[in-house]
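First subunit A sits with subunit B, and in the next complex the same chain sits with subunit C.
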Partner chain A sequence: MSAQRIMWLYILTGLAILVLMMLLGITMRMEQAGWLSYDATAFYSLLTLHGVGMLTAVALAGLGTLWYLVSRETALDARIAYLAYAFFIAGVLCVIASVLGHFGALWTMLYPLPFVGASWPGWATGTYLIGNLLVMIGFTLWCVQILAALLQRYGIRGMLGVEYIFRGRTFEAAGRRPPPPQMFAALIVSIDGFLASIAGMAIVIALIVRWADASVELDPLWAKNLTYFFGHSFANLTMYMAVAGVYVGLPLCTKREYHTSRPLVIAWWGTLTFVIFAYFHHLYMDFVQPQGVQFVGEIASYLAAIPVVVVTVYGGVLLVHRSGMRWSMGAMFLYAGMIGWVVGGTGAVLDATIPFNFDLHNTLWVPAHFHTYLLEGVVAFTLGWAFVNLEQRSGAVSPSLIRWVTGTCIFGGGALFLLSFYLAGSSGVPRRVAIEPPPGPAIAAVASIGAIVVLIGLLICLAEGVRLARLPRKETA
Partner chain B sequence: MAEGAIVFVIFVSVAAAAVTLMLLLANAGARKPLPQSIVTARGYAVRRWWFATVLVVAVAAFAATIPRLPYPRADELRSSPHFTVVAQQYSFVLPATVPVNTAIVFDVTSRDVNHGFGIYDPAGHVVGQVQAMPDYVNHLPMRFERPGHYTVRCLEFCGVAHAAMQGAFEVR
Partner chain C sequence: MNGRAMIAGVIGVLTLLFALAPLYRGEVELPTAEHHLLHAAIVTGAALSGVLAWNPAFARTSRLAPLWLLIAICAPILAMFLMWPSEYAFLDRHPGGHAIEHLGLVGLGFVTGYSGQRYAAGIGWATGAALLIMSLLAPLGYGVSPPPAAIAALPTAAPAAEEPASPSDAGRGAALYKQSCASCHGTSGEGGLGPSLKNERSRKDIEQTARWIRNPAPPMPKLFPATLTEKDVREVSAFVQKL
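Take a look at the complex of A and B:
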């Protein structure tokens, strides 16, 4: 029960932050559409909070899910989960405080921006940096705990599935089984997350030193590399956190098994590697980067898609195909999340193609693809996993009307909201601007309507979740 | 057709195909369930070809990008006329004119924070960009085939007046 409580604490906190950040996001799109008016300082402060808040929200939900799933395989100390949670919340509170002080260097805070030409007080910069550091410490704690638990449970060769791949017959003849798929998600998130956090803490600590002593100088390219290594990897890993819910939730919906296969293990080895190197695509337009590194960025970005479309999503589709599955809320969100992942991934791969990036870099195409990935992928998986749990617990499913309404709002409204981003991006409208050049404002108006529809769908969905949670627990034989 | 529009069409086509295919696979024969072993066996047989297809597309796409990379070659840097661009909060120091139908190189840097040197053609389409970084000079090779008024916008967030950071030059 304790593990379930921790999972729900993480998921519900994540969803609460998500709704608040969606509200901020909608006001910003409405401001770009000319429907609201506030000054640029407020816009960039809100954009900073929106970025940090959203990533923390989806990460919290995914980390809670994974923590619970790992705890089903091996004992985990709940105190560490609460401590990591406390770091996350303290970090978010610091970021909120910094935003109240008008900090607005955005969540990527590319050096030397937080310090040069800043329109906010120095204490706001320091508070923001400390907030980031606290979030990173919380994430590192989580990674170390999961990594240690997996090592203890399976050993290094076992958790990587090495013997299963290279000595399969002996391995199986001995009656041994590889870890279940969700453990590979936990493993890759904890390894890559740990590496990314080290990079993130290195740059944030360097920035804190610079904040304390203005005579310290950093190399802007070095700072940019570390910033994006952490930022891209953390954002990307939120999907691999959430996908664990698909491995466990979809079999419950289809009454089939999602077992660990050799392609699945090899696919996760690929993900382990490619996620680390994909971040280089954020620096394509830094021509001083060695050209070989730019190639690595493009190759890693392409190859990162293969495990998704050939193994994980493909396996998910096979699980559902001709299973006779009943379309509950949980099943709908889990399956739709896989579609969102593929669609967002398509936008990402196009953006990671260097000649296309030459035109699309830092246009609205970038938020287009990661909003698809996060909203219609990670958030859908989170909702799917939450609803599968509620449906299993109560033995009840939602009325089909509720499913149709929420599905239409979240995916129909989402399509309107997201296509607007893609269209504006392909038309050259810059991202991260309080006032957009044409055709930005007209497109932002359409996007605002789409986003409001999504929010309505999400609120209906959350209300339905509360209704299911209040039903009596299903009696088991 | 502008390159951005081409990318948009590719995206919408691939996304629509993926959504349609996945919805069809979820709903086809839904009322006639099959044992998982049969579905898995069929799916695994198809997966080899699917994997090969995805790999071939990825390799072909990578190969196709090589001749179209925006990065400067050593001979371009030596033989082309250079034009200095300096970005600063919140303006650009730019050449007033650059020659049409001539290979040129912009030497782009920044006096303060990171900026983006984004070039928009007279029709408003992005035709190229590079980051303007303090302590570094990025060399951006360009060839303008269309004369006219080109707008420059900052494409990297640089502070509170970022949205207003613009410049322009003529191509003659």
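Take a look at the complex of A and C:
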């Protein structure tokens, strides 16, 4: 029960932050559409909060899910989960405080933006940086706890599935089984998350020192590499946190088992190895970055994402095929999330391809792909996992009208919202700007409507979740 | 005393002596990058000593597990703060203070390795490696400005006096056009997202074209001087005149 409580604490906090950040996002799109008017300083502050808040929200939900799933396989100390949670919340509060001080160097805090030409007070910069450091400490606590637990449960070779791959027959003849798929997701998140946090903490500490002592020099290229090593990896890992819910949730819906297969293990190895190099695609246009690294970035971007998406989605589709699965809210979100993952991932792969990147990277194409990835992928998986749990607990499913309404709002409104981003991106509308050149404002108006519809769907969905949660627990034989 | 503890002790003592070196060497001027590397060596020795000092036979106190983990994660952070680059010049001239700073690094390095192991066997290696990686990342840019070669490669903020473009620049201009302009204006200037540049010479002469590329009106992106240099602009202008 304690583990479930922790999972719900993380998920519900994540969803609450998500709704607040969606509201901010809608006001920003409305401002770009010319429907609202506030000054550019406020826009960049809100954009900063929206970025950090959204990533923290989806990460919290994913970490809660994964923590619970790992706790079913091996003992975990609940106090560390609460400690990590406290760091996350303290970090978010610091970031909110910094935005009240009009900090607006965006969530990437790319050096020297937090310091050069800043229109906000110095304390806001410091509070923002400290907030980020607290979030990173929380994330590191989580990663190390999971890593230690997996090491104790399986050992290094066992948790990587080495013997299962290279000595398959002996391994299986001995009656042994590889770790379940969700443990590979946990492993990748904990190892790569730990590595990303090291880079993140190194740059945030340097920025805090630079904030306190203006005479400290930082190499901007070094700072950008570390910033994106952390930022891109963290954002990318939120998907691998949430996908664990698919490995466990879909089998509950289809009453079939999601086996660990050799292609799945090898695909996860690809992600484990290449996620940390994929961020190079954010630096294609930095001409001082060594050229060889740029090519590594392109290949790593493909190898980190494509194999695991293909294997997981293929396995998921086969699981559902002719299973007679009832299309409950949980099943719908888990299945649709796989589509969102594929679409968002395709947009990401295009952006990671050097010739496309030169045209697309500074445009709204980039928010298009990561909003698809996060909203229709990670958030859908989170909602799916949450509903599967509620449905299992109560033995009830939502009325089909509710399912149709929420599905239409979240995926229909989402399509409107996301296609607007893609269209604007392919038209060359720049990203991260308060005032967009044409055709940006007209497209932002359509996007605003789409986003409002998504928010309505999400609120109905949350209300339905509360209704299911209040139903009496299903009696088990 | 077992062999493991003895090795931990020897490494610990050697690290301590190494950390106290400023007291013996007196005032020195060490470049920041080398200074970071020196610190990396100190924390590595200390963390290794901490990892080996932990004995699997020690009673495991699960009550304090979260505390050990928190210490193992926060100690590297504190160590990085202790490596405050602008203080190096001061410390180089104050050997006593410098030695104290190094002792602080020894302590934090030891705690990183030891408390990681106290939390779970094997984790001390991971937290020690994290501290080492952070220390090794530092010389690449923490308190260190970009290398001269990178600065030399930067485009100048203020362009040199404009030189008139000449049609002879068109050769290289074709390649630059393909790289920077063709995605919007088409591979042979037939237009696309941007307007057609066919027969542009009837609308703008070569100087006007160059001026437009330097200061375009939205939505055309301004590529000068970040992407295109003054010479590039002249060459692209010459090429556009031939379309």
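Annotations for the structure displayed:
Following the convention adopted for this analysis, the second predicted complex is superposed on the first by the 474 of 477 C-alpha atoms of A that agree within 3 Å, B and C clash if a C-alpha of one lies under 4 Å from a C-alpha of the other, contacts with A are read in each partner's own complex, and residues count from 1 in each chain.
Keep in mind that, in the parts below, contacts are C-beta pairs under 8 Å (C-beta built on N, C-alpha and C of every residue); 3 or more make two chains touch, one makes a residue touch a chain.
From a predicted model like this one, the values you see are computed outputs, not experimental measurements.
The superposed arrangement places subunit B and subunit C in clashing positions on subunit A. By the touch criterion defined above, A:F358 lies against subunit B and subunit C together after alignment on the C-alpha atoms of chain A.
In the superposition on chain A, contact is made by A:V116 with subunit B only, not with subunit C. With both structures placed on the common chain, the touch criterion links A:G104 to subunit B but leaves subunit C unconnected. With both structures placed on the common chain, the touch criterion links A:V293 to neither subunit B nor subunit C. Judged by the touch definition given at the top, the superposed model places A:H321 against subunit B, while subunit C stays out of reach. In the superposed model, A:L12 makes contact with neither subunit B nor subunit C. By the touch criterion stated above, A:Q145 is placed in contact with subunit C alone, subunit B being left untouched. Touch counts on subunit A: comparing subunit C and subunit B, the chain ahead is B. Once chain A of one complex is fitted onto chain A of the other, the partner contacts of A:I435 are limited to subunit B, with no touch recorded for subunit C. Of the two partner chains, both subunit B and subunit C are touched by A:D219. Comparing the two interfaces of subunit A, the one with subunit B and the one with subunit C have residues 219-221, 285, 287-288, 358-359, 362, 427-428, 437-438 in common.
The touching residues of subunit C, counted against subunit A in their complex, run 62, 65-66, 69-70, 72-74, 76-77, 80-81, 84-86, 119-120, 122-123, 126-127, 130, 133-134, 137-138, 140-146, 150, 153-154, 183-184, 193, 218-219, 221, 227.
For subunit A in complex with subunit B, the touching residues are 40-41, 44, 104-106, 108, 110, 112-113, 116-119, 219-221, 224, 256-257, 263, 285-288, 291, 294, 298-299, 302-303, 305-306, 309-310, 314, 317-325, 335, 338-339, 342-343, 346-347, 350, 353-356, 358-363, 365, 419, 422-423, 425-428, 430, 432-438.
In the complex of the two chains, the subunit A residues touching subunit C come out as 77, 79-80, 83, 133, 137, 140-141, 144-145, 147-148, 151-152, 194, 198-199, 201-202, 205-206, 208-209, 213, 215-223, 226, 285, 287-288, 358-359, 362, 427-429, 437-438. Taken together, the subunit B residues at the contact with subunit A in this complex read 3-5, 7-8, 10-12, 14-15, 18-19, 22-23, 25-26, 28-34, 36, 39-40, 43, 47, 50-51, 54-55, 58, 61-62, 65, 68-72, 89, 112-114, 116, 118, 120, 124-131, 133-140, 153-164.
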